Structures are given as structure tokens and as C-alpha cells.
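The structure appears right after this line, and notes come after that.
We call the chains A, B, C and D, going by the order they appear; numbering starts again at 1 in every chain.
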Amino acid sequence: MSKPARTRNTLLNRLMNPKFIMVYATIVVFLLIYTIGALLYGDKGFTTLRTFLNLFIDNAYVGISAVGMTMVIITGGIDLSVGAVASLTGMFIAYGNTILGIDPFICIAFSILIGVALGLAMGAMIQYLKVPAFIATLTGMFFARGVCALISRESIAINHAAFNELAKWRIKIPDVKPLAYVNFNVLLFIVMILIGAYMLQATRFGRNVYAIGGNEQSASLMGLPVNRTKVLVYGFNGLCSVLAGVAYALYVKSGWNLSLQGAELDVISSAVIGGTLLTGGVGYMFGTLFGVLLKSVIPALITFNGTLLSWWAKIGTGVLLLLFIGIQRIVVSASARKKL
Amino acid sequence: MMRKRMKLDTERITKSKLFWAIVAELLILLVCLIIRPDFFSISYQPSSGMLYGSLIDILNRSSEITIIAMGMMLVIATAGTDLSVGSLVAVSGALALRLMRWDLDLYPTPGDWSITPLYLVIAASLGACLLMGSFNGLLVSRWNMQPIIATLILMVAGRGIAQVITGGKQMTTMFSPFKFIAHGSFLYLPMPVIITAAVILVIYLSTRRTAFGLFIESVGVNRSASRVSGLNARRIIMTVYMISGFLAGISGLIYSSRIISNDSNNAGQGYEMDAILAVVIGGGNMAGGKFNIAGTVMGSLIIRTIITFVYYFGVAAEAIMVFKAMIIAVVIILQSEPIRRMLEKRSRMRRSIQGGALHE
Amino acid sequence: KVAFSQIGQESDWRTANTDDVKKAIVDAGWELIYDDAQQKQENQVKALRNFITQGVDYIVFTAIVTTGWDDVLAEVKEAEIPLILIDRLPETSFGNDDWYTCYFGGDFPFEGYKAGMWVKNYFESIGHKGDINIVRLSGTTGSDPQIGRTKGFDEVVAANPNMKIVYDQTGNFTRAEGQAVMEAALKAVPKIDVLWAENDDMALGAIEAIKAAGKVPGKDIIIIGCDAVKAAFEAIVAGEMNATSECTPLMGARVVEVIKGLEAGQTFDKVVHPVEYVYDMNGGIVIDDDGNVSLKAADHINERLY
Amino acid sequence: MTESVILSMQGMEISFPGVKALDRVDFTLRSGEVHALLGENGAGKSTLIKCLTGVHRMDAGRIMFDGSEISPSSPQEAMKMGISTVYQEINLCPNLTVAENIFIGRQPMKRSQIDWKEMNRRASELMERFNIHIDVTRPLDIFSTAVQQIVSIARAVDIQAKVLILDEPTSSLDENEVDRLFRVMEGLKKEGLGIIFITHFLDQVFRIADRITVLRNGQLVGTFEAGGITKLDLVTRMIGKDMDAIYNLKRPDVAKDAGKMLEADRIGITGGTVGDISLHVKEGELLGFAGLLGSGRTETAQMLFGVTRAGKGSIRKQGKTIRVRHPIDAIGQKIAFCPEDRKRDGIIGDLSVRENIMLVTQGRRGLFRPMSRQEQVQLAEKYVKLLGIMTPDIEKKVGELSGGNQQKVILARWMATDPDVLILDEPTRGIDVGAKAEIQRLMIELCGKGVSVLFISSELDEIIRCANRILIMRDGEKAAEVPGGSTTQHEILSIIAGEGVQGGVA
């Protein structure tokens, strides 16, 4: 009697798992675009480590938010409030510190409280009142933006010694020119990605998230804590939005009620480009990491070009977006064909 | 028997989402009435030949969103979304102005003239939007791209295209036939209201008087099963995005005719969200399925009423957001299934108590 | 190499501004690196970082928002790249002002002030007695021009008790919203004498709303805008608008002048405002405390290119 | 016998809009017994289970479990208390691996991390117990319905519980799998579990059940000792009328000179699992398909209908070569196909019964010739009556019907198109005895009108009883073709098992 062939559980085998195809496709496209950039603008400094690290520095806040968003999207939901909540965080810190003279770290704690509470509230609305996530979080977004505007309509600078210290803190990479460094935001981004990946991969909570995205009704019949998980996911996303807001505040050291408008679309598309399916059930943190990088390499390319009219830049962004998704599709379908 | 039927009907009415949308709209209007009764005054305006009043404004200014929402409604019914509509509004306007003026480098004083005949202007604008709609449709139906991402492409690029068309300039025209689209009147009503009514009628006839509506809903609920049942799911999805693009084009013509110029930067800004909101308030399900034309129109009216309310009473415009959030939250929560079921249970209980009392 | 970081393209005025600066730089024979931030502060920060990486020689910068530039501007300073600010002057916490070379841009409060003076003196000139009911369409709340122009106009209102602002709402600097807000204002406010729109686009939108209400713009309601774009001149000549307070987007010449000067080792005043006028139908209305008068729009319409 | 009562439900009541699904139902379960729950489609069996496990909130009634009163508010709670359930529709997550589906929510942990290795190992072991040899690290959705069903059973069985509920676990299993399941059930019974077993296969009931409870229209008919009631008696009680006529079905008569209606010549999927199938069916003939799970019956049917494209071979209808690349083509050729996976390819859940029935007919008429409301209602009502679909009215959402009734709606949809060729992939799955007989009668009646029927079923006796010819498939290929009627179940089984004694048919 022939024993069925056991697949060996080697690292290679695990990495070659077909479920990671989308992630690999993203990485391939990223490398491709990066190479193109290097060929075109290598002489202008596109290939320097600094440019590469700038991708992280300039997009850390998007990435931090995308960690929570990835989780939300895996449950089959969506959260449009992230930009507004991050902006609100900035307002809290700026207004609290500059106008009211409160320690910015207390403001951050307060923001976390509010952000998580808003997230949980939206989650509860979605889960218990069966309001579509799109609408529940859209109201959340209007609400947060409205509160921003009510706090102040002018941008407020943040000027606090410890806060400035944190913003300025950086690890310099030795022996490279031009100067390259990693700052607090980048570390926060990487740490959040790792935490997110750990949660999704190694905890029951994370697996429940996938199960809910696969089929919510089934998950509930299988006896999983669907309600609790989903509400918590939105709460966690609220936390991520606040942290993104903190990162953004560190980045620009001010609060403005109109900041981060449309950031939610950046965050969502980063996650989706990284291979997360909006229908739920599929997505990986490392995919999201590369999604963020991929999404941020476009503006970098366009700036390096430096001659594009604003409108051509917009069209260019669209075309590049189309290009990625096209290539991603081709990579995925090619490997799918090979499998058969 | 007769009584039972009537009871059933009232039950059905209170259970429908449309009912709650209407209730919400009436409540907002009631608040207006209490604050200032003259909000409701409608008079005849001889100089423009139409009725004049805040209620007319609500109808008039909701047209852009209502028209777009009609397309969005069909797209949502197939379990999609179309984020590009706002940008298409800009494209349509830009193309129209470009065709009428055709003078990128000069700024001659605008007058009652046009380089291109109006029908060509309209055909070209709508045609371009139809084309862009089919681009969306292609990506979604053929390439199986996720609708949000697929339409994000044109959402970003669309405004760029609009600016390329006009060289980034805002051009004004005084061409009176074009002005008529938004400022003219018919049957004492502003033209946009008439156009909107026509669009609603056409959408109604083409979805409810043919099998198109059923097919859309079927594909939206279960694409795989619809395919097995012999529906050409791809073609249906494609068509729906084309309709959405086309209607965005109409909306864009109204918008640019209103301001008798193009505005590639601001035209249609945020329309996609408002349209989606209107559809959902009207009872549409983002996951696809049944759509409700009357509900969607109601949703659009609610949104416009809130804005008009804010303008009319001079409330700080920043409050629009908070206002919108609160009113929508209330409407949506009232419409939500658990709450409706609760209300229903309660009314049933009350009825059974009454029934018991009757027997004694 | 000259790098130029622009806010985005939100209006015609901005387009004219961008075109003028870019053209001037290119015409001067320098290499231009241009970045459009598409209304996002973060994009501008990215662009500035990028300019540093690319090692440009000068940076021309229009800040989308007043605050939040400390870090990146410190980096610019560190890299010893001369910074030329135009249109908007950001606030920083640097304590001194040697982080930028010079600033060139409109004096927003003064623009508002001139508009207010024009209204006051216009009504005096036609012998109007009693209250002047003013509707204000303000710009995007929180933006520099909105804050400045509102402040300047309010100064005049405060000094003249017969000038009353009866309705005040934002029109976000766009034609469509200017129109919709004016439409509501016409119904909510029984008597309107003056419309003061904080930019021309809103005024042009409002004109259509006024017509639809059966009133004659420019006669029944006196309309004054701001910016002085060509479309406003046309409206003034056509008699549908009364005046506009200039805010010039033409900054390219000054930018080139500064850079050339810097190359030659000159220094410049930190803050310079362009000379701006008020244009109206007939001219001759006093618009400031020095007795300067408004110009007749019809005489200048042909020199307007934007 | 001194079995103690572990679970008792008294006076259970629940109503949905338009139906009273349960009306004062009592039910008791002893530990160490298998208690069968029977009734027609829509009788309320699944609903009773769902009330017990907290999916639905009952309107009235008391549940005693293990000596104390409980009122579970969610499946999660019920599971914690020791009630493990396999629901009727397969309720698993298609995106997760087989192993995860078995262990989700109770994964083995190591240092507060999920121990994936251990989990996969145990999952493999468990699947071997059911003689399924698959890579448990592959996502569930690539496996067939049967495998999925076994996965969900494996999950329920592995949970340490006091009560195990199986709602139609055997509907898509073949004989071997059923045997294996029963062996597992016997084992659990010995351990003292109480098992509730819902099925429409009366043979199976008599094989394993100790007691039987019958529901009809949401009301309790009675509880019987399995030894004290005959099959016929049981059917009569379930359906409420005498139905012995159903066992006297006659195979369709095929005219000697009947032409070939549909022929397939060496069709197959390039690079796929099924290849080289040739078959034909004559006018008015009923061709049965037998085979093990995954033998490729479904894929063959899907090729004939254009759901999956046949990469090679040709298909002829009435002598003319036809191209079927999309179901539209097949429908145009008057072929109808009632798919196996009802949830995915069949029902359109949010649409009403009426709309579901008229859908294909309307599709054929095209966009611009819509059926009038009256026509639609007539059509729907005709088939609701013909097939005995239990629904309060034709505007009810199909998704809210009981499983069996959903199946009937799909059947109605295809019958309404008046086809020449009707392909039925497991049409009798999850359907009660009465309705099953009704469907068989309908098939034969259709054959009498000249329709050719291709009938796929995992129930051999059903095929043997009805089919003129039986096509037996093995491993994606045609293994044999035998005449119906004269062939016995045993003969077919031996062909199916054939030379390929693979895996380990114990």
C-alpha cells in the first residue's frame, strides 16, 4: 500500500506556497519599477540608500495605518475613517500642547483612547446594527473631520522639547553618502508590521480574522467569537490610525484639520496592491509592506522626473497604478497556469 | 380578509428602507419649518420663468448627485463601486468647454458663441465619459480587478486628463444654448430637475421594464450561479460601468453649465462618496443585490437638504460634516435590520395585546 | 538647478502662478525641477527631501499650510540651499529668520482692507445713506488668504458702523459653491447691498445665482471680488461685477531677479509684497489711507493674460 | 438500559415571517444513543438544531442540558458547553487550509503561539481515519464537496463534546464514506456521547439509529424506538399520507429507433483531471452516472454544459456538432444543468423564489422581452405546486428556504426552460423521501416526453432503479457502461473498486 507522499516541510516548500503569489508579484513589480527608476534617474541619486530609506521615512504613517487596514480588509470590511482619525490625533496633540499647554504624550494617550473608542464604536455599529462598513466608517470619517474643524481651522505648530527630540531622533547608517538614516517613525512602522504579522500568523485571534473574511456565517457557526473579533479589529485599526497620526505629527510637527485628506484611499490601495483582497479572507502583512513601498515609489519617480506638469503627474500615477496591477495579474496567472 | 391585507401592507411599508429615508427627510424639513417657515415659500420668478424657493433649490442642486447615484446604484447592485465618477464630471465639463472655446492660449472675452455646435459638444463629452466608463468596466469584468482599485485609476488620472484637455485653464462661456442646460427652465422647473427626472425615468424603464434590473441583481448576488444560469455576467458588469460613466458625463455637463465654465480641480470633488451614500441610504447593499430607485433619489435629496439647511441658516460650514455624520448615522441605524426587527416585535406584541383585549 | 515645489492646482490663479514662475525660470536658462504636491503637505515634504537628495542649487517654495515645516526646512538649511518663499509665508520655531532668503507674495490683510475701503468709499460716492448690508463669501476656512482677507475687511467694518455683515459663509474658493451659497443667502437674507467674495471665482459663481433670483448683479447688489483675474475684468466690463481687489500671481520675474542677485552676491529684504490695485468700472474710488484710487478695469483688461 | 437523559427540549417554538417553523416541539436525547430526526423538507429539523445551538433565538421553550437549564445565545457558547454540530450547509472557511478548518478556534498552542506543525500532523491523522489522503495544508476550496463535508464532520467529531449533532452529514458521501462515518459514530456512542442524526436516507436510519423522532410542518409527530417501526410506517408518518406507490417506479421506455440526442466524443480538460470521456444519450433515455467521490462526474457534466471549457474532443447534439464554451451556448441548445454545489452555482440567495425560477427562462428570452409580472407569477406558482416547494409565498427570499426546498427551486428553474437534455448533478441531495420519489417520477415523466436526462447520483439504488444505462466513472475516466435494472449494486461496486484498490479500502 502506497503511503501518500507527505510534503516536506522545508523552508523552501513553505515559501513556495501558492498562497503567497500575490505577495511575490508585488515584490517583483516593486523591483521592476525600482530598476526602471534606477536606469532612468540613477545619475540623480535614485539608487542611493537615502532615496530608498526616504521611501520608508516619507510613508511610515501610511504603512502604520495600513497594518490595521489590512486586518480590517481581511475580515471583509473597510475603514474610511483612518485619515480623519489620524488628522484628529494631530489636532489633539497640536491643540492640546500648543494652545492648552498639556504634555504631548498625555495628548497622545488621550488620542489613543478616543481613536480606539471610535474604532470600537464603528465596529459595534457594523457588527451589531449590521450597518455596512463603508457607511459606518464614512460617518466616522465625517465625524472625526468635523471635530477637527471644530477644534481649530488653522494649522497649529507643535513645539515641545521632548516631542521635538523624538522627531529628530535618528539612527544614522554609517559610511554612506549622501547621509542616510532611520528614524522613530520607520521603526514604529516596522514594529507594527511585525506585530501585525505575528497577530495574523501565530494567534487564534489572527486566524479568526481570516476565518471571518472567508465566510463570516460559517465562522460564527464554527463557534468562533465573530462579534468580539470584528469589533476588536476595528478597535485595533483605530489604534493604528492614531499611531499613524502620531507618526504624521512627528513628521510635520503640526496639526491641521485638512491634513491627510484622501489618505484612506492611499492606505487602502497600499493594502490591496500588496495582495489583500477586498472581498476578505486573503492578505499578508509583508504584502502590505511592499504595497506601501510600491505605492510610494510612484511619487518618488515623478518627483525625480521633475518636469511633469501636475496633470501629467496625475495621469502618470494612474498609468503606473494600472501597470502594476496588470503585471501583478500576469505574474499571478502565469504561476497559476504552471501549477495546473 | 381585506383587513388582513391592509395590515400586511402597512407592515411592509414601515419595514422598507425607503420609508425611513422619507421619514428622515421629512424630519429635517420639519426642523426647517419650525425654525423659519419662509424656508418653504415658493414663488414664481418671471425673469427666469420658473419657480423660486429653497425647496426648488434642493431639487435643482441635488440633480448632479441624483444622476450619478442612478449609475452608482446599478454598479453597487453588481457588488462593485465606481470611484471615478467625480473625475469624470471634471472630464466632461473640460471637454465641453474646450470644444466650445478651442482657444488655449488666448483669452478672448467669452460671448454667446461656440466653435462647435452644441450637439457635438454634448455628444463628445458624453462619448468620452462612456469610453472611460467602459475602461472601468473592462478592468472589472475582464481583468477581474477589484472595483475600488480599478476605478481608483481613473479617479486619479481623470482629473489629470481633464486638465490636459484644457491646458489646466478655467474657461468661461456665455453660449446661451449651453447655459440653458442648467439655467433654462421647462414647465416652470429648472432644466436640471427635468433632466434628472428624465434620467430616472429612463433608468426605471430600462431596468424595471426589461429584464436588465433582474440580471444586474442576480449577478450582484451570485455571479457564479448567474453564469451557470446563462447570464453573460461580464457583459452585464461592463454595461453597468458604462452607464455609470455616461451618467457622470451628464452630471458634468450640468455642473459646468451651472458655472458656465469648467473647473477641473473642483468639479465633482467628493461626488463618489455622496453618490454611494445616497444609494445606501436608499436601501442598496454594498455587497450587491437589490436596488431601489426611489430610495436612492430620496437619499440624494436628504444629502442636499442637509447642505441647503446649513447654507440657509448660516451654520458654520465646518458643521456640515458633523451634521451629515449624525443624520446619516441616525437614518442608517433606524434602517438597520436588528433595530427594525426590534420595532417590529414590539408592534407585534402591542397588536397581540390589543387583540386579546378585543376578545374579552 | 532650480527646484520649485508648488501646492497643487486648485484654481486658475494657481495655474497662472505656476506657469509664470516656471516660465521665468526656464527662460532664464536654468534647469527646472518642478513638483506638484496635489494639495498634500506630506507630498511637499517628500518633494523638498527629494530636492535635497538631487542636490539642487535653489528651492522655490509655496507652503500649502502655515505650520509643520520645521524639520524639512532645517534639512534644507543644513544642506545650505537658498530658499525662496513665494505666495505664502510659513511659520517656524527657529527663532530667527535666516532659514529663508526672502519672501515675495501678496499682502492678504491689505487686500481685504482695500476691498473694504472700496465698498465704504463707493457707497459714499453714490451718496448712499444708512446701513450697508454685506454678504461675505469667505474662502476655504483656515487658509492664509481667507484669514488675511477676512481680517483686513473686518477692520474696515469695525471702523464703519453702518457696514453690516449680515451673512457669512464659506464658498471654498470655488465657483460652484459660491453659487450655491449665494443662492441660499438670497433666500435667507431679505436685503443685500453688497457681496464681498474673497476670490473672483466665488463672485463669478454668485453672479449666476443673483441673476436666477431675478436681481441685477452689479446694480441691485454691488459685487466685489478679489484676485483680479481676467474673467473678473470681463464681468466688470460687462457691468455684472463692480470691483476686484488684485492679488497678483506673477512672481516669476521676482524669483529670477532674486536668484540672479544671489549669484551676484546681493542680499534682499526678507519680506516684499508686490504692488497691487483695485480695479472697478469707472476707477477713482479711494482705496487706502494714502489716498490711492482704484483703476478702471476696461483700461487694463488687455494686459491681463490669466 | 440505563441511559440517562443528557438533553431535553420542551415546548420549542419559533416563527419566521410567514411561517411557524417550530410549534411546541419536545425532544429528548440520552447519552450513548443515536437519535434520528426525520421529516420532510422544511419540517423544521435544522431550525430545531439552530435553536439548540443559539443560532436562532427561540420564541418559547426550555432546554435542559446535562442537568441544568441553558439558553445558548451563540454557537460559540453551545460549543463551549459541549454541543458540537455539523450544520446542513457546509459551513467552513474556503480560504483556510483543511487543517485550519478542523482546528480553528482550538488550535494546539506552543509557547502561546499556534503550533502549526502539530496542527497539520493531527489534521492529517484525522483525515486518514476517514480514509482521505490529502495535503491538509492546501486551502479547502480546491477540494470537492464531499471532502469538505468530511472535513466538517472531522472537525465536529474531534471536539470533545457531550452531544454531537449531524445535520445531513451523508448527503454527498458515497457508501464507503458513510460506512466509515458510521464506524466513527459507533465509537463515539460507546464513549457515551448522545448523537442527533438528521438524514433523508431511511436505510441509514435503520442501520444506526436507536430512536427516531419525526417532525411535520413544525410539529412533533412522535418519537419511536427504531426497532418498533417499519420503514413504510415511518414514511407515512413523515409525509402524512400513504406513499407506497413511489416504490413502483418504471424505468423510461426508450423507443428502439430513438436517435442520439447528445453525444460527446473523447472530451476532456487539457491538463485537467478528467480526460477522454465518450458518451451518448438517446432521446427519452435516462443515463445514470455512478462513481466514487472525485471520480470526475461533476467535471464531465460541467464540460457538457460549458461551465468549464472542454479543451479537447467534440460534442454533438442530434447529430450536429455544437460548441459549448459558456453556459449560454448550452442553454441555447436546450440543454439544462442543475449544478451540484447549490450554494455557489445554484441559488441566488437574495432574490425571491419567483425570480429564481424565472431567471433562466428570462435569460433565454433576452433582455428586451421581459416576462410580465403575471407570467412570472404563473410560472413560479406552477412549479411551486408541481414540486411541492414549501414556501409561504413566492416572494420569499430563496436563501431563507430550507435546504431541500432550495434544491427544488433550482430544479424548477431548469424545468421551466423546457429543455431537450437535462443534466442533473446530485439533484436529490438533501431531499426528503417523498420529494425524492417525486423528482424521480418527474425525470421519468420527462423522458417519456422525449427529454434525455443525465442523472448523477451517489446513491446507487436510485440510479439502478431509474436509469436505462449506467456509466461508471473511475479516476476521471470512463470505467464501464452497464445496463440499468439488470445490474446489481454489488456488480457496480466491484467495477468502481475495480483494479484500482488504492488508498486502503478496508
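Note that a residue touches a chain if its C-beta (ideal position, glycine included) is under 8 Å from a C-beta of that chain, and two chains touch if they have at least 3 such contacts.
Bear in mind that the values here come from a model prediction, so they are computed numbers and not experimental data.
Shared contact partners of chain A and chain D are B.
Measuring from the averaged C-alpha position of chain C to that of chain D gives a distance of 73 Å.
Each chain gets a centre from the mean of its Cα atoms; for chain B and chain C, those two points are 34 Å apart. Distance between chain B and chain D, defined via averaged C-alpha coordinates, is recorded as 44 Å. Residue positions of chain A touching 2 or more other chains, listed in rising order: 149, 153, 257, 309-311, 313-314. The residues of chain C that reach two or more other chains are 8-9, 141, listed in rising order.
The residues of chain B that reach two or more other chains are 163, 168, 264, 285, 318, listed in rising order.
Chain pairs that touch one another: A-B, A-C, A-D, B-C, B-D. The residues of chain B lying in touch with chain C in their complex are 36, 39, 45-48, 52-54, 57, 61, 107, 109-110, 163, 168-170, 172, 183, 255, 258-261, 263-267, 307-308, 311-314, 317-318.
Residues 1-2, 4, 6-7, 9, 17, 19, 201-204, 207-208, 210-211, 213-215, 217-227, 281-282, 340 of chain A touch chain D in their complex.
Chain A makes touch with chain B in their complex at residues 125, 128-136, 138-143, 145-147, 149-150, 153, 257, 265, 268-269, 272-273, 277-279, 309-319, 321-322, 325-326, 329. Against chain D, the residues of chain B that register as touching in their complex are 209-212, 214-215, 217-218, 221-222, 224-232, 285, 289-290.
Residues 8-12, 15, 19, 141, 167-170, 172, 174-177, 179-181, 183-185, 187-188, 201, 204-205, 208, 211-214, 230-231, 234, 237, 304-306 of chain C are the ones that touch chain B when the two sit in their complex.
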